[in-house]
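I have a structure here, written as structure tokens, and I will follow up with some questions on it.
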Amino acid sequence: MSELLPDDPSRSDMPLLQALGLTKRYGAFVANDAIDIEVDGGQIHALLGENGAGKSTLVKAIYGLIQPDSGELRWQSQRIVLAGPAQARTLGIGMVFQHFSLFENLTVAENVALGLDGSESFNSMSARLDQIARAYGLPLDPRREVWQLSVGERQRIEIVRVLMQNPKFLILDEPTAVLTPQEADQLFTVLNRLKAEGRAILYISHKLEEVKLLCDTATVLRAGKKVAACDPRQETAASLARMMVGTEVKQVKAAGTRRTTVPRLVVNDLDLAPEDTHGVRLQQISLELKGGEILGIAGVAGNGQDELFAALSGERQVGEPGTVIIDGIACGHLSITQRRRLGAAFVPEERLGHGTAPRMRLSENALLTGHAAGDMVHHGFVDAAATLRTVDRATETFDVRKARRDPEAASLSGGNLQKFVVGREILREPAVLIVNQPTWGVDAGAAAVIRQALLDLADSGAAILVTSQDLDELIEIADRIAVMFHGRLSAPLSRAEATREKLGLLMGGSSIVDREPIHAAGA
Amino acid sequence: MDLVEAIILSVLAASTPLLIAATGELVTERSGVLNLGVEGMMIVGAACGFGGAWASGSIVIGALCGVLAGTALSLIFALMTLALAVNQVATGLALTILGTGLSGLIGAGFVGQRIATAPHLHIPALTDIPLLGRILFGEDAFVYLSLALVIGVWWFLYRSRAGLILRACGDNHASAHALGHPVLRIRLLAVMFGGACAGLAGAYLPLAYTPFFIPGMTAGRGWIALALVVFSSWRPGRLVVGAYLFGAVTILQLHAQGAGIGIPSQFMSALPYLATVIMLVLLSRTRRGGSTAPAALGTVFVPDR
Amino acid sequence: MQLVLEKRLEQSRTIALVSPLIAIALTLLTMSILFILLGKNPLLALGVYFIDPLTDSYSLQEIAVKATPLVMIAIGLSLCYLANAWNIGAEGQLLIGAVAGSWIAVKTQGTDAGHWVLPAMLLAGAMAGALYALIPALCRVKFGASEILTSLMLVYVADLLLDYLVRGPWRDPAGFNFPTTAEFDPVATMPLLIDGGRLHLGSLIALFVVVCAFVVLGRTIMGFEIRVVGAAPRAARFAGFNADHLILLTFAISGALAGLAGIIEVAGPIGHLQPGISPGYGFTAIIVAFLGRLNPVGILIAGLFLALTFIGGEQAQITMKIPLDVTKVFQGILLFYVLACDSLILYRFRLVSRQVTHGLG
């Protein structure tokens, strides 16, 4: 693939792509609010922001996947309206998504071919693939099957697939989210090469250290608005973090100093290999949680939170009993039902399909976790009235809005279903509650109810472990906060120490002075 | 001709319907659809095939009738599972039950009739070579067609872009859809091809294997074909091996019965079915890559809008 | 124009009740067309099929007798299907159960055995059916082999075993070389409920099974586990339910019920063991299970309905020369319509104009 010619328009000082006043609404929610952004050729432009800041929406509009409600897009200073990704590709815009569209049991060459339009012969495409891959230092054996490849290698397929269409403008969405540091370094080499060829790159990330190393310029989004444009090389990671998460001091709901009691949940050196090649390996995870205490675990999704939940809940048994101790009883080898009998309760991240059976009624879903201990089952017979009582109590205590007394789980809105799922566990008066993403995808009102419920539960003496991507939430309710990164858990920071900047750095993989270094990408 | 030659010829004949039906189902399953109705489509193909040949006096027309009958039944299956997102297992079973009943109805008038079976190839000098002559150059059209079919399917799946897209649909229909490929349309064509093959395989039985039609003459061959697809790890090359192996087991146990070994005939007749069970057990251990089924096999696909 | 499926917010309960009726109506319509094609008067034929058998006491009893194995087997199958385990080999389990129970009958023939014989036969039939069904279940749980194919292959094996036994070691020496055992002794026969009629104890057993299933599925934790494992496997794991154990359990129960149905048929209406003791009950039961929407009460009604069509079909063959295969066609078409109409429970059908959707391609 040739370099762009010296007089190619994208090499001039004229911006290659501009978005002016781009706005996109989903109902009442404003995902993008009059965003201006400009990307030039020969530049790596970072798009920074926390989850939910609007980065994905913006790039989907640029790629033609969604239509903005107002504002315009300009390509080489000409106004364009994109009917779809195919048109974007003809212009020369390519995108590497965070979630790959790959086929496990097909070869690399076949995967690439499926993403192209098939106008060239398979053999010539295969040769071109090999050439491009090698030219960019992205070695790929065209004949290997995808299931054998690491995540980094899979991403190479996605990248090469895009490069084969000779794009002038390349969008990458969180490309290093699941890469090892070495794989990330290889990626940066490629990106720098593309930049030297005069192409433009829009690089979405929240990892500040690598953005500082890689990017020439950055646009920072927060809550749908563009809040800053800067040169990341002139900034510190701390200042970037402040731009991303804001410096307003939010009022923490003063729960007072809670009385903490004995350790109710102890994890000792938990080590667990992932169930499949996409998973994250847990390494040497240790924590201690006392009654009356809320421990928050921050971190971007995909750093081992799901695996940790499975290990703590008992969905995956760890073998060594002493790895997980609940109320003094070693239970690493016990099933989830046995752990529930010990007084543990669990709320998984995925409420439909995991936390509940979507097509079953709420009373049946109450039975799902309630059968282990309590009054729902007598001699093998289900006490339907008891399950309905739980539904009623959850409805009343947690303000669950629904169309009838006992509807199907799938018919509730996200917020209301989450209130039910959290509520049914809290009503069991657990000793230990482990909850993953308690307010993900939930409206503000329901989120407030859930957080207050967690605080109240802690007040009553339970130990609560909350994993969340929402820093504000953790700062609001947690007594201590630790950060998960690449399957490891940092030492917990106390509420006083856990500033947004420190947490942002840990989440991005940076180390904190005088702590055991957590592996930083590119550092 | 001597015994060895006779056995080999009968193995070829016994294996051919299995090979044809299994090849069609292999394509269907590679696209991600599990069609359990093969037995039903085969038996209807048998009835219509015989009827067509008997009425027209032409084997070719009979074969075509069988093909059309199988395809028509497969369209019902496609409508249910692809358009209406109905569970594939239940629909396949319904198809078998319907097909069995329909074939009885259609074939009722043909019981007791005879036709001239498909002629065998005869090339002077070549066919007369001892042993190999008849095997290679003396078969009926169906046998050659079955091998051509397998080779054609192999080429389609592994050497053509359309075949690549079909395999992609069976591997991950969500990714295929995200890349813009028409998953449902491809599956429809694959199902129809499977139906055509099953119909042809069924027609083979009264047109070439025996010169008459008996209700239920497929005797479970459709189900064996399904098992053979599993045995072949969804690869055409291995399918040929499996079909001929199975045909060999069937024929050999018949000869063993005739040879007066002390084992009761029913036990010998049960051997092919027991062999299938054992084969399924040995080969189904889920292993990553290679021998696993198309990942999206049997799952419902409703494109989101 | 394009047919598009939209997932409903909640399963439609009205459709769930009404869909079997719509399916039956559509089937009757299709069958009328078929009768016309066969050159028969459709109204007359439908009358012979569905109305006449209800008009006299003998055929009413016959319906109950025919429904007995259908309902029993279908209940067992419904447990498997609810757990997403596909037992297709009920026919084979029925035959093995018949063989096992008959073994006791044959061994005690002519001796002065007491009334323990019949209960022992029933128990043997149930246990043998359960064990036979565990083979495909274990193949799936331990080796991941398709239970559909393994259970089906075993049907042929069971059929051949039965054939061997009645032509060989168990053949009635005084039976003029017919492949059948001697008539069972009275102690080895199902007692009749109505003297001189056909209704026998088996029908009461079937009713009892229906009631048990109703209670288990609707009221017990085991029934709940079965339903969750099939409906939401990940939620079942979260609940602590063991999918493998449930597959083994449902197959064992289903095999036991099929085996029990088998020996009841042999010890009841037939009275001796012979090939062809079942006109495909194990397969028709699959239709009964789906038609009854995997619900015990629904299965009872569906079983009676299909039994009605068996009797009607036999009558139609005699009086109107309509081939027996028409009954099978009817059953197949009915199952298709039931499945299609059931799709409406989960999805709404919409016809939309083919918009220029921006393909992701």
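Which chain is which? They are A, B and C, in the order written, and residues in each are numbered from 1.
Note that a contact is a pair of C-beta atoms (placed from the backbone, for glycine too) under 8 Å apart; a residue touches a chain by one contact, two chains touch by 3 or more.
What you see is a predicted model; the values in this text were computed from it and never measured.
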Leader among chain pairs (count of C-beta contacts): B-C
Far-end chain from chain B, centres as C-alpha averages: A
Centre distance in Å when chain A and chain B are each reduced to the mean of their C-alpha atoms: 48
Centroid spacing, where centroids are CA-atom means, of chain B and chain C in whole angstrom: 28
Shared interface positions of chain C, touching two or more other chains: 359-361
Residues within chain A bordering two or more other chains: 86
For chain B, residues that touch 2 or more chains besides their own: 178-181
Residues on chain A engaged by chain B in the complex (per definition of touch): 86, 100-106, 110, 113-115, 118, 122, 145, 147-148
Residues on chain B engaged by chain A in the complex (per definition of touch): 161, 164-165, 167-168, 171-172, 174-176, 178-181, 288-289, 292, 294-295
Chain C-touching residues of chain A, taken from the complex the two chains share: 64-65, 83-86, 313-315, 335-337, 340, 346, 348, 350, 353-360, 364, 367-369, 371-372, 377, 380-382, 384, 407-408, 410-411
Residue ranges of chain C in contact with chain A within the complex: 9-11, 219-222, 224, 227-228, 231-232, 234-240, 356, 358-361
Residue ranges of chain C touching chain B (in the complex, touch as defined): 3-5, 7, 38, 86, 88, 135, 139, 143-146, 148-150, 152-154, 156-157, 160-161, 163-164, 167-168, 283, 286-287, 290, 323-333, 335-336, 339-340, 342-343, 346-347, 357, 359-361
